[in-house]
C-alpha cells in the first residue's frame, strides 16, 4: 500500500476536478510542493513601506528556511538566510524591527546590512571573514511590493515586474504605511487556502460582511481578456483608461498572476461595513473614491486588493501538509493618522471577519479530504474558473518539474 | 533494525501473555488494526434513541473516516461518509444535531436524508447529479443499538442481531433517551483500553465507587456457558427464565461478543453510590429493581450495562497508536424527568469516576509498554480470562487477514 | 533525496566545525545517538543524598526507557526498569517518593526493593515468581554521585570512579541534601545543550548574573594538564595541594570527563548575586570560603559545580531530536536550615537565570540549524576548545560504534 508518487498522482488527476487526496495532505506531496514551487518561485514577502528606513527588517519562514529582509544603508532592500554563519543561530528572532547592524545574539558575530561579516571575536589566525557573509536570497522591489526567491537561479520576472509596477504605481504603495497586520494559521493545505481565495462560489454562504460591497457574480472576477468582460466592467475600464488608470485584465499566459481593476457593488467605495471609504486620504494618485479594487493575485502565495483609500495585501506561507499561515496587512496613506483620518475597526473588520470565515471553511475542507472516502469532485465551470486556473497552473508546473527529463534549475 | 511485520509479531506472540510492544504502539500495527479490524468489522455507533426524529444525526470518526448517521423521512437510520462530493468538505462538523436536509456549508450542495444530491448550483450542462450522492456506509439498528460497518461487504451479523435484539428487547432501548453523554480521550492503544475493560483483576485497587455494587469476583463475569456458572448466577438465571427475561450466557464462538445478565452484589439495584436505583421508572419491561446488569460487549468497540433503571453504553474509537476516544452514554426511560425522576449526579457519578480511574491505569500501562525493556507477561488464567478471549480473538482475526492467502473481503 | 546515514554524516564532517544539520535534528541521527550513546554509556542520574533512606526512590526517563533508582533495605542504591513484569504498567509514576515495597498500581504485583517479585495474586499453578523480578539497570554510587547504565555490559568506569570519588570527597555530597530542584525543557538537540555548556564564548552576551562571579576567560576553563594552566590557576592549585584538596586538571584521554578546581573571579565565594556564600555552613571538609568551584563534566549527560557552600548538579536527558530535559539540583549541607542558614532565592537565582538564558540561545540555535541553508561553521580555537572536545569525543565514539566492524557490545 505504497503512496503513489506526486508525479503519478498529478498525471492521473482529472482536469476540472479537485485533486487526489494525497496532494492535499501527504508528507511527500508537501515536500515536493516546497522543493518544486516554494523554494523555486518568486514569492511576495512584504510591502516595502514596512521597512522604510535603513536597518528596518522583516523576517519570515518559507518552509524550513528562515529569511530576513532588510533595508541597507544604500536604501536597497535585500534578503538573506536568517542563519548565523558561525554555529547556525537564527540571527533575528523577531518578526520585524530595526538594527544598525545584524548582530548574532549567541556570540555576537556582527554582519553589515549588506550581509558582510564585519566582526567575529577570537576566531584565530587564518580565519577569513570574507567567507562567512550571510547567504543571500534573491529579492526585488516591484513598485513597493517586495518579492523574494530562494532558488539559485530564479525564474524570469520581467513580465510580472513591468505590469505590476505599472498597475500599482497610482496606488503609491511605497509611500504608504502599514496600519494593521494580522497573522492567522489555517489548518489546511496551502492549495486549499488558495483554492478558497480563487472563487466566490462560497461567498454568499460565508461572507456576510464582504458581500455588502463585493459582488459574488463570477462575471466580476472571471474575464476573458482586456477587451472582453461584462458591460459593467467594460464601462469601468473605459472610464479608467480616460484617467490613465491601468485597469484592464492582464495575466500571465499560464495564469500564475493576474491584475484587473473592478468596481465594487453599486459603486461603493471600499470594503467597509458602510461601503464608504475607511480612510480620509486616498492613496497615491487614485482619482476617485469609486475607482473600485485593483485585484492582483500571484501563485503560489499572494492575493491583494488595492482600493482608493487603502490596500490589503495577503501572503500565505505553508507550515505543514495541513497548516498554512495567512498574513494580512492593511496599508494606508503614510500621512493618515489613526483616530483622526481613519478608525482601525472600520478599516479592518470586513477582512478580519472574512479571513476568519475562510479559515473555518478551509479547515472543514481539509477535514473532509482527510477521509479515505474523499473522491475528487467537479469544479463549477463558471463559478470556479479561477480554481481551475490555479490547479492547472499547479499541475502543469509540477508535472514538468517532476518529469524524469526536468533540468534541476529548469 | 527494521520493525517486524504485524503478521510476524502476531505469529510469534506467546498465548496467554500480553502482546509484543510494537502491537501496542507501532504506527504500522495501528494502520493494520484500522485496515483489518476497524474498517472491516461492525462497530457499535450509537443508541437509536439519540436520533429519534427525521433529520436527527450523529457524527463520529472511525480512524480517518468521518461518518454521519442520520434518520430519514422514512424513519430509517442510515450512515454516510460525512464528506461532500463537490470538493470534499466535511458535511456536518457538529457531533449531533438536526437538519431537514444535509446542506454543505461550503457551497451549499444539498443532499436528501437518504444521501441523494438534490441541488448543486451552476454546475453547468452535462452535470449528472445522480452520480454525486453521498457515499453510503452499512448501518443496522439492532433493537435500538445502531451498528455501522465501513467494509464494502460487511461480515455476517445475523447471529449477533438475533441474540442482541432478543436480549435488549426488555430494556426498551429504542424508547429511551440519552440523559448524559461523556467523551474522554485515554492516552493508550485501543487494545489496552479494551483489555482493561475485560478484567476486574484491577477493580479492587482502582474502583472504590464501582466496587460498592459490582463484584470483582471473576466467577461473576467469566462463565462457561448458559448452564454453567456459579450457583448464585444459576439462581439468578432461573429466576429470569421464569420471568421470560433473556439472561443466560450467550456468546460468539470466537468470543467477539457475549451477553449475560448477572446480579449486582448483595442484590443491589444499580451502579450508584447508594446501590439503589438512580431513576424512578424502570426501563422497558424489566420486572424487578434487582434484575442485575445485562452485560454485553462486542469487539473491537463496545461494552454495555443494561440495568433495570438505566443503561450505560460505551463506545471506543481509535485516534492514534496511543490514543483512544471513549464515549459513554447514560440512557433512561424517555419519560423520566431530570430533577424529578432522577438526579444526574447520582445517575452518572459511579461510571464517571470509574472511567477516569480506568483512564489513569491505561495511560500508565501505555507508558510502561513504551519502554523497550517491556516484555510480554502472563495473564492470570482466572482473573484475566476475558483479556485472553480478547487477545485470542484479535490475534486469530489478524493472522487470518494478514496471511498471504487472505482474500481481501475474506 | 535520501538522508545520508549517521555514519557517513560523521565521516564527512569537518573537524573544528559544527556538525552537519541532520545530526542536530534528524530522526535517524537521534535514534543512533540513543542506541550508541545514551543506551550504552554511564549516565549521571542523581545525587545519592536525594534518596537517603530505605525505600526512597527517584525515577527518570532515558530516551524510551523509564528507570527507577531506589535505596534498598541493605542501604544499597539499585536501578531497575520501571516496568511491571505482569502487563507492563509503569511501576512508579512520580518523579520521587518513598515506598516500603514497589507495588504495581494496576494489579498490585508487589516487588521487594531489590527487584524480587514477592506477591502476585491468582496467577495459578505453575507460575514461577522468580522469573518475574524487575529487570535491573547497572547502577553505581561514586562518592554520592549515582550513575546508571542501560547496556548489558557497561563500559569501564574504574578510572572515572577513582578520580571522581577522590575529587568530590571533600564536598561531602553523600551527606548533603537537595535544597531545590528545577526541571526545564529546552527545544534543542541534546548536543546543542551540551555544546552551549562547553564554552563561555556566549557568557558575556547572555549571562549578566553568572558573569559577576564566573570568568568568561577561556583560560579559566581550558587547561592543558595538571601542571599547565594560567598563573592564577596554578597558584590556586598549589594552595589546594597544600590543604590536600584535589584540584588539578584531570581528564579522560578522550575528554569524556574532566575535573578541575578553579577560583571564582576576584576570589569571590559562590555563584550568588553578591559573590558571597549563600549557605552559612560549608559543605564536607572544604577548608575555605574561597576554594572556588570544582568543575566536573561527564559526556553525554552532566556538568556540575562543587562550591564551598553548595553544589549544583546538572543532568540532561534527550526527549526528541529537538527537545532536551535539563534538571538542576542545588545541594547544601544536610543540617543547613532554609530561612536560617540560607535564603533559597539567593541560593538559586544565578543559575535559574543562567539556565533560562541558555535555554533561549539553545532554542534559537536549533531554529537556525533547522534551515537547509545552515552550513557548519568554524569553532573558535580558543573560546570553543571545550566544544571541540565534545564534538571530537562524539564523532570518535559514534564512528567506531557505527562502523561495519563494530562489535555490538564494543
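So that you can tell them apart, the chains are marked A, B and C in the order they are listed, and the count of residues begins at 1 in each.
Methods note: contacts are C-beta pairs under 8 Å (C-beta built on N, C-alpha and C of every residue); 3 or more make two chains touch, one makes a residue touch a chain.
It should be emphasised that the depicted structure is a prediction, and the values quoted were computed from it without experimental measurement.
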Copy-to-copy rotation for chain B and chain C - C-alpha atoms, rounded to a multiple of 5°: 120
Same-residue or different-residue interface between chain A and chain B, half as cut-off: different
Gap in Å, rounded to a whole number, between the CA centres of chain B and chain A: 48
Sequence positions of chain A contacting 2 or more other chains: none
In the complex, chain C residues that touch chain B: 35, 64-66, 81-91, 93, 105-108, 121-124, 127, 132, 135
Touching residues on chain C, where the partner in the complex is chain A: 18, 21, 195, 201-202, 205-206, 361, 364-365, 367-383
